[in-house]
Amino acid sequence: MATNLVRKGFDTTVYNRTAAKAEPVVAAGARLASSLREAVEDASVVFLCLPATGDVEAALFGPTGMASGLAAGTVVVDTSTIDPVASRGFAERLAAQDVMMLDAPVSGGQKGAVDGTLTCMVGGPDEALAIARPFLAAIATTIVHIGGHGAGQVAKACNQLCVSANLAGASEAMALAMKMGVDPSRVREALLGGAARSVVLERHVQKLLDRDFRPGFRTALIAKDLSIAAKALNDAGVFAPVSAAVMQVIKALAASGRQDDDWSSVGALVQQLSGVQESDAAQP
Amino acid sequence: MATNLVRKGFDTTVYNRTAAKAEPVVAAGARLASSLREAVEDASVVFLCLPATGDVEAALFGPTGMASGLAAGTVVVDTSTIDPVASRGFAERLAAQDVMMLDAPVSGGQKGAVDGTLTCMVGGPDEALAIARPFLAAIATTIVHIGGHGAGQVAKACNQLCVSANLAGASEAMALAMKMGVDPSRVREALLGGAARSVVLERHVQKLLDRDFRPGFRTALIAKDLSIAAKALNDAGVFAPVSAAVMQVIKALAASGRQDDDWSSVGALVQQLSGVQESDAAQP
Amino acid sequence: MATNLVRKGFDTTVYNRTAAKAEPVVAAGARLASSLREAVEDASVVFLCLPATGDVEAALFGPTGMASGLAAGTVVVDTSTIDPVASRGFAERLAAQDVMMLDAPVSGGQKGAVDGTLTCMVGGPDEALAIARPFLAAIATTIVHIGGHGAGQVAKACNQLCVSANLAGASEAMALAMKMGVDPSRVREALLGGAARSVVLERHVQKLLDRDFRPGFRTALIAKDLSIAAKALNDAGVFAPVSAAVMQVIKALAASGRQDDDWSSVGALVQQLSGVQESDAAQP
Amino acid sequence: MATNLVRKGFDTTVYNRTAAKAEPVVAAGARLASSLREAVEDASVVFLCLPATGDVEAALFGPTGMASGLAAGTVVVDTSTIDPVASRGFAERLAAQDVMMLDAPVSGGQKGAVDGTLTCMVGGPDEALAIARPFLAAIATTIVHIGGHGAGQVAKACNQLCVSANLAGASEAMALAMKMGVDPSRVREALLGGAARSVVLERHVQKLLDRDFRPGFRTALIAKDLSIAAKALNDAGVFAPVSAAVMQVIKALAASGRQDDDWSSVGALVQQLSGVQESDAAQP
């Protein structure tokens, strides 16, 4: 994502806790900062991309955090997938020093990030998005302004809930076909022609049937994202038995040595726990 | 479906336990039989369309059932959605008297049935499908031969599992957006642009957000179909926590006076059990 | 159970599809019949103990079934655990020939069967129970008349739902303790002192913590019983998300090579799918 | 609980954010402090009893928190039910200033608190428990030392998971009986005689069958406790499909206007979502 900013001609300064990870961006033409505060000095727009809620909090407000170095009028764009409620809190704390924040989590996978074709779900004020939009356009082809602070994170959580319910449901259906001696590929093809059609059935279930578990999107990442969504569902008191069930299967997947496999391997776990034998796949 | 057979020029005899229901088909040009056995006399292809497994068993093998009246070489096409294992058993019993059976459940809703644009998932021998195909083409635009006996029913069960997981997952996601004060329509639009895209998100979730619960596909029917799928998952020993959770929500929906509403009303039940207030839908 | 009837002095004729299985009862003093019909000839009370609903149906009404040989006034006591709705149907069919039926499933495990200390949950008419009670008393120390036909099966299903929810819930709690580095034995002891006290926590969870998975009660049997309960919940339209989740875990257990282990091994599967390491059990 | 400390002769100073709530304790003989810091001045043992994790954090480390006023060697006993991981963090922060902490959540309900007959599950160092034990003995009849910091909270979470799985499972079983026309009271009685026996079946299910929903233990409280347990299960990566399902039903209960009813009303919600009619309870 940072490399795409450089490529599109934006004057870019980069910082990473692990300096080596910044090297490709520096090679592409970015300046390397030696600290967060140095990185954000004189910046009009600051992008964050971090694994977890606590990392974002630390990067903003920790002992060596950037917040104290941000000038009034700066826009902070947080592309991390984090807790929506915490994200709202960060935005409020920054607003107290006249810094604007956008939560702007992305979807589209590793490939979208490299190609600059991500989808970006944005929460925060219009004014901030107006300033950040040209920069976002360097990394994302679709920018959707969902609503106020946290709305981007909420939309991202909704996205992960939908795709994972789609995949888990389809995985169980494919296991049923196999146990009944019916060719799951034929079932998938038939289903693609009707109301069951989905990107997940088209793309991820194909990976499952091919047993091609190279990521793609790693199990560890969907587990992290669903953990955030589960916390949000819990905090908000949403009755969510299906999402809760999906979450358990993903936890079992992460505990089964599949952390670094593509998350479509959830279907392989379902097959294993269903006692699917290799021979079940073959149509009699 | 029968009317479409008549319209396409097939010589059609019709029978219904409730004679009045056969009237429109007779008006279109079909002969009315006064019994099942009379209806199948001299027929080369026999279509069944019945609510439940027991009804099909009775129509075939009950005291007034048609089986004893079927000539060798006849093809019985069962378009009902029933238990796949029972369906296999019926096929075997008919095979013993040289009658061929196809399980051929359909999807596409009320509209597809009227317009003759259903999708038909077929299980059974090639030879039988070759004979029945011209007739099936009068009612369905897509005919997919899934596999041997019962494979059509398995595919139909898989279809219902997928669409209902898609809808239940999306319903929970929409409830999360609402409880977080985020406009669910904006979330849905954003999600349609990425990996969460599905026919269900496009069509059924729109009905949910419009609170337009005219069927479409009635709750009572998805409840029946999922009950069949649940039995199949259970009998086959498939580990299916997500489908099991979906099934419970649909049972609660059926018990909540929504039997005759469109099944997209499942999202309204999820909202109710999440304590969503009307004002939650409005973005702050 | 049959041996206990002989021991208590009842004139007993025994039949088993696998003759060798009847040998210990014959050794104890029972007559061996060579067919079901021979076995029930002149019998005033007939006991059935069979694995599944279909077996009971076949033994009663199949081609070599006993029903046609039962004299009016006979009481059939079915100690099998089967589908309650089917059981009611069998009772009605027998009633048509003036034969009375009791559904009388038992609990208490292998040990209770050998010792004659089972609990027996009875459905059916008072009159039939009055006739059968002395016989039942030879095999069970507790005989509870639950209600009309099928009520015994319903109570048995309820029993299996309760014990399995108790065990699955406790298994997850124990896994939580382990993953948090807390000694599960200390937790169990503390919990036994309060509202969480149950026979399952006392007995089955102890087996789990001891990793003593000799049956006891085999996984295959609880899987069968829960399958019956799941069908009953499904047919009756009961909203049962917790039982549905329990059922899935038991299915996964059966598919994981634990068929012949004690069903308390469900806790070991939960630990495995939670990534519990041996070292997690040790308190820091 | 504070009143019991006074009654047993301990020199007690009390503080409550809502002064009126402290009045009964003052009436019993306690001193009233006007601030947290004043309350803990010269105290050797400090008891906390607060609703949520954030409240405990604020009381200890907030702007008007007590931590800065605690002398080295003081023992802080936190009887609140809070997040185990957060509790460990608080203990570590206090340890840095040579203050010892015990997490000591209680069970036993309103009645146990008033009577001084609670069960207390303790996490923390032996040394601290030795100092606090006489004080704890004034409020609890059973004091179990589970393990190190946080272990008391883990045990409390395990307790709530077990009791709620027991109650939810039994609620579904009772609904099954009702829908099948079987008297649930007879079923409960039969089950109490065997492996399904539990305190929950004995006590809480009786309240359910009596439809006596006066608390007892309020729905809002079990919802809060299960929310903590759900977070712990999630953070620890425990595969917990049964607990997850239980959690959803409790959320639905809280959203259904049952916040202030006894949590045994969960069985009434299950009945409602199962379409149980009043007449179902009556045995035919």
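We call the chains A, B, C and D, going by the order they appear; numbering starts again at 1 in every chain.
By definition in this document, a residue touches a chain if its C-beta (ideal position, glycine included) is under 8 Å from a C-beta of that chain, and two chains touch if they have at least 3 such contacts.
It should be emphasised that the depicted structure is a prediction, and the values quoted were computed from it without experimental measurement.
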Pair joined by more contacting C-beta pairs (B-C or C-D): C-D
Chain copies touching (chain A, chain C) - same or different residues, decided at half shared: same
Inter-chain centre distance, chain C versus chain D - centres from mean C-alpha coordinates, in Å: 35
Euclidean distance of C-alpha centroids - chain A vs chain C, Å: 48
Residues of chain C whose C-beta touches two or more other chains: 237-241, 244-245, 248, 251-252, 254-255, 273-275
Chain C contact footprint on chain A (complex, rising order): 241, 245, 251-252, 254-256, 272-275
Complex interface listing, chain A residues touching chain B: 84, 107-108, 119, 121, 142, 144-148, 150-151, 154-155, 157-159, 161-166, 168-170, 172-177, 179-183, 186-187, 189-191, 193-201, 203-204, 229, 232-233, 236-246, 248-249, 270, 273-275, 283-284
Complex contact set, residues of chain D against chain A: 227, 230-231, 234-235, 237-241, 244-245, 247-248, 251-252, 254-255
